[in-house]
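Next come two complexes, and both contain chain A; in the first it sits with chain B, in the second with chain C.
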Partner chain A sequence: MNSKEFLLQECENVRATLRDVLRHDYSAGSSAEFYNEFCERLAFLEYLLKPTDSDDVSALATFAGELSLLSTIVHHMERSHAGEFPWPFTEYLQSLATPLCKENLAQNEGEPIIRVYAEGGLDSYQINLENDLSQLNIGRRIFTIVFPRTLRHHVLLHAIFGHEIGHAAWTIPKHKADLMDKVLKPLRAAGPLNSTSQATAWLGNDPGAPGPIVDLRNQDPDSTQIDGNKLNSWFQEFMCDLFGLVTFGGSFLAAHQTLLLALDPTGHRWGPYHPPYICRKAVLWRACKHLKWDELPASLHEPGLRADVVAFMNSYSGTTAPGRWEDVFTQDQVAAAVEALRTFLSAAGTSCFNMPDESTLSSLVGMLTNHIPPCGSDLSGAASPVNRGVDFRHILFAGWLVAEKLTTPSGSVKQGLTFDQLNRLCELGLRQQRAIDLYNSTKKGQTS
Partner chain B sequence: MTLLSMYKRDDSRTVYRILAEEAVKHIDQPKAGAESKILFTSLTRLLERYRYDAFTYDVAPGILEVFKTRNDAQRTEYGDAGRKVSLDVIPALETAHARIYQALSKEDLLQTLKTVLAQLAASAPPDDARATEELVKARSFFVALCEALKERHT
Partner chain C sequence: MSALVKKTILESIAKGHLVVSPIISAKQIGASSIDLRLGNVFLMVRARGLSDVDPGRFAHSDETAGDHAFHQARRQKHERFEAPFGQKFLLHPGMLALVPTLEWIKLPADLQGIVTARSSWAREGLSIATASLIHPGYKGIVTLELANLGQIPLVLYPGLRIAQIAFYTLSEPAREEDMGSRFDMAFEPVEGNVAHGDEVFLP
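Let's look at the complex of A and B:
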């Protein structure tokens, strides 16, 4: 069997696997979208492969790569079947990400396919970007978001996906150009990360660096060298953190700190793609200040709720300004970036996070403290209950306010609630809210 | 250990040579269906990248990448080849652009070819002399692109 014959056979194998994958249940309508997409890709590949000369080794090598990639993604689709992840959360996530991931290549363009599946340990939070560069065979773009298997129901931590949405938007050339020009330009305009030489001097020699940074420098002096790629990656990470904050709000702030500090409790380590956490936190601190979230407690009338918000902000935004070394951008730089990002998101059709009103927040926190899934359900006992729309991000924010009380018991949370149970309550709340939203939109459609 | 390891390579000249050849075939003999849909989508993506000078592979390492050590080899990546710039297709596009549409900016080139590709995707024959002329020019562009990619292949 020569290479071409094998590849044609492998097309049949992928097709058989694709049919096999359909034995699982997927969230409503989503199996048809990926099945049709893969059938089209297979048809295109076979159409190209069949007339190819068996001596055209370049083409055959390319087809082999394409086919291997296709079967990998089919396998990932299979793992995104219902029951493997909190689908109501994913549907809300898709509502934020889909407008951003549209490429606007053609008038009747299909929407990108965004799927979620579990894999690996704590460090596995990631988005797989299906890179179209030098790929023959992509119709609708497919993004798969990966989270740790152990955190399947931890919707409060999944707020970290707000960061990954930024990476997805970055793959669209027009978006990338806009983001570089509007969001990153102000951040790159001044400060210690203004150039690779300044950044290297700041990371490797600045005498004002905290002790743990000095230790890390001494352990691995080579890692203090910042070249163009590393600096670009770091800026992309800063931007994606702002994406997370602006799209998911307070819950992103908490998830970001919880996950990153869980694996690096010092918060000082860096890598080729990521800057030290303390720098990222400093950017988020300045962004929160710009968004006036630090002023939220003063606007609340209910003392208990005010105390909850104060405790949350103290834990996740911080009580003091960042230190000089890690505070790599000025307030004006961060403010300009945040405003540009909000404008960009609105233009794309993705809604930014706005703080909930006091009544909504109080209601959601109250439900959670009584172990009731938080959502817009009317629990008044009225003969004709009126369930209302609630932004899913407000449910997550309320969840984090209550999570803060778990570690510092104030007696207001009913006994016995764990972080895991709190997440499951929020997951149930999201599911109930999704039902309310669907019912309300159907009803609205009928009346109009 | 995997069965085979190879250095990743820049496939762009092979990929875009195939797509450009197919574009010419579809202009000569228009056909509807999945093949043309994916073909025209891929070509439009290429032109978008050319317009915005976006020829790098995008990588989104896990948010906790800084802590990764043991699982690196197991992580599946979708065709990422690091931050390597795709070199071969850029000069080929510049050559085809200069040869056929020298008076047009990248933005205008993108819009012109997008219009032609959209008409082809809709299997709509050119309805006037200008549209016919644009189709002929588009064909010449893809022929030139294909030739430029083949030249670099030797």
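Let's look at the complex of A and C:
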């Protein structure tokens, strides 16, 4: 059997696997569209492969790569069980990310096909759009959402997906150009990260660096070199953090800190793709100040709620004292980037986070404190209940406000609620809200 | 012990004494009961070599990390399945499925709940008759043990009203130490411990 014959056989194998995968329950609603898209891709691949000369090793190698990629995606689909990730959260996430990832492709203007699966590892959060499948006549791109398997029910942490939406947008050429020109430009205009030489001097020699940074410099002096690729990657991270904050709000701030400090408890490490956490936190806090979220406590009338918000701010606020080593951008730079990003998202049809009104926030926090899943449920005891639409991000924000009250400094559980139970309450609240939204939208449709 | 009528149920909810959340439609509220909707998780018994109901396994095992056989048998007994709204679930004749209600229930110390099938579904062969008593002080979803007593499959969709709960006052509030169970704060169905308290009778 030569290579071409084997690849034709592999087309059959991938097709057989694709059919076999139908034994399982896919994530919501994507089975038929995924199946049809892949059948078309396989048929087109075979159409190109059959007339190819058996000695054309270059073409055969390309086809082998395409088939390998298809089989990988089919295998991931096999693991896409609705029970392994919180589907209500996924549906809300899709509503934010899909408008952004909709694009003009060769055949039609298609929304991407969503596939969701769980992966091991705390850092496995991902949103990817496939690209560079140039040999195939792509109808619709595959859009992958990956959840950490162990955090299946931890919806509060899933706010980190706001950051991943930024990476997904970056893979679309027209968005990338916009983001570089409008969002990153003000950030790159001044400061210690203005050029690779300045950035290297800042990371390697700046005397104002905190002690842990100095220790890390001494342990690995070579790592303080910042070349163009590293600097670009770091800027992409800063931009994606702003994406997260602008799309998910306060819950992103908390999820970001919780997850990143779990992966790097020092908060000072850096790598070829990621700047030190302390710098990222400083940028986020400047963005919060620009959005006036730091003024939220002063606007609240209810003392208990105000205390909750203050406690949250104390946990997640960063420094904005000018001159601190980690404070790499000015307030004006961050403000310009945030405004450009909000304009960009609005044009794409992705809604930005707005702080909930006091009554909504108070109601959601009150439900959680009373161990009731938070949603727009009418608890007034009215004979004809009027359930409200609630933004899922407000449910997450309320969850994080209550999370602040869960443990004492010694780690004992207060409120009779563990962090796991709090997440489960929020997860159930999201499901209930989906039902309310569905009912309300149908009712509206009937009356209009 | 007397049953609460609609007016009293709504007053109890308004006071925060009783919680049924969410009540999506006014149609759920009956003269002396509230309809409950089907939730999104299904736990179905899986018929295979490692599946059985053996009280002895509970009696002589604990939930320690190293107890492989105990955990394996428990996990292999049920298939867990989640259906988003709009996705159907087939309940075949003779099949048992544990499902949660969409609603979260919180009962005070002086009320208990009785859950039964809605008569329209019962007429189609749907039984949810077992474990219908909800103890005072309970909070969580209600687990419904669905069985199809008919001869043709029943197609179920999350969000459908399939059960109803009625509330009864007690002669006096239950004592704190008598309330609470291992199913308290349940977010989805879990199997029970059929050996609990009867270990002495097991080999």
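By our rule, the second predicted complex is superposed on the first by the 420 of 448 C-alpha atoms of A that agree within 3 Å, B and C clash if a C-alpha of one lies under 4 Å from a C-alpha of the other, contacts with A are read in each partner's own complex, and residues count from 1 in each chain.
Methods note: contacts are C-beta pairs under 8 Å (C-beta built on N, C-alpha and C of every residue); 3 or more make two chains touch, one makes a residue touch a chain.
Because the structure is predicted, anything quoted here is derived from the model rather than measured.
For the composite obtained by overlaying on chain A, chain B and chain C can both be accommodated side by side without a clash.
Legend: residue contacts after superposition of the two complexes on their common chain; A:373 is shown touching chain C, with no touch to chain B. Shared-chain residue A:260: touches chain B; no touch with chain C. Of the two partner chains, chain B is the only one that A:274 touches; chain C does not reach it. In the superposition on chain A, contact of A:431 is made with chain C only, not with chain B.
When the two complexes are overlaid on their common chain A, residue A:124 makes contact with chain B while staying clear of chain C. Ranked by how many residues of chain A each touches, chain B and chain C are led by B. In the superposition on chain A, A:167 contacts chain B only, with no contact to chain C. Of the two partner chains placed around the shared chain by superposition, chain B is the only one that A:48 touches, whereas chain C remains out of contact.
No C-alpha atom of chain B lies closer than 25 Å to one of chain C in the superposed arrangement.
Interface residues of chain C, counted against chain A in their complex, comprise 6, 10-16, 19, 21-26, 29, 37, 39-41, 80-87, 102, 104, 106, 139, 141, 159, 185, 187.
Only residues 25, 28-29, 81-83, 87-88, 91, 153, 367, 370-373, 375-385, 387, 421, 424-425, 427-428, 431-432, 434-436, 438-439 of chain A touch chain C when the two sit together in their complex.
Residues of chain A touching chain B in their complex: 39-41, 43-44, 47-48, 58-59, 61-62, 65, 69, 72-73, 76, 103, 105-107, 109, 120-139, 144, 146, 160, 163-164, 167-168, 170-171, 173-174, 176-177, 229, 233, 259-260, 263-264, 269-271, 273-274. On the chain B side of its complex with chain A, the touching residues are 10-12, 14-16, 18-19, 22, 33-35, 37-42, 44-45, 48-49, 51-52, 54-68, 71, 74-80, 83, 86, 89, 114, 117-118, 121, 153.
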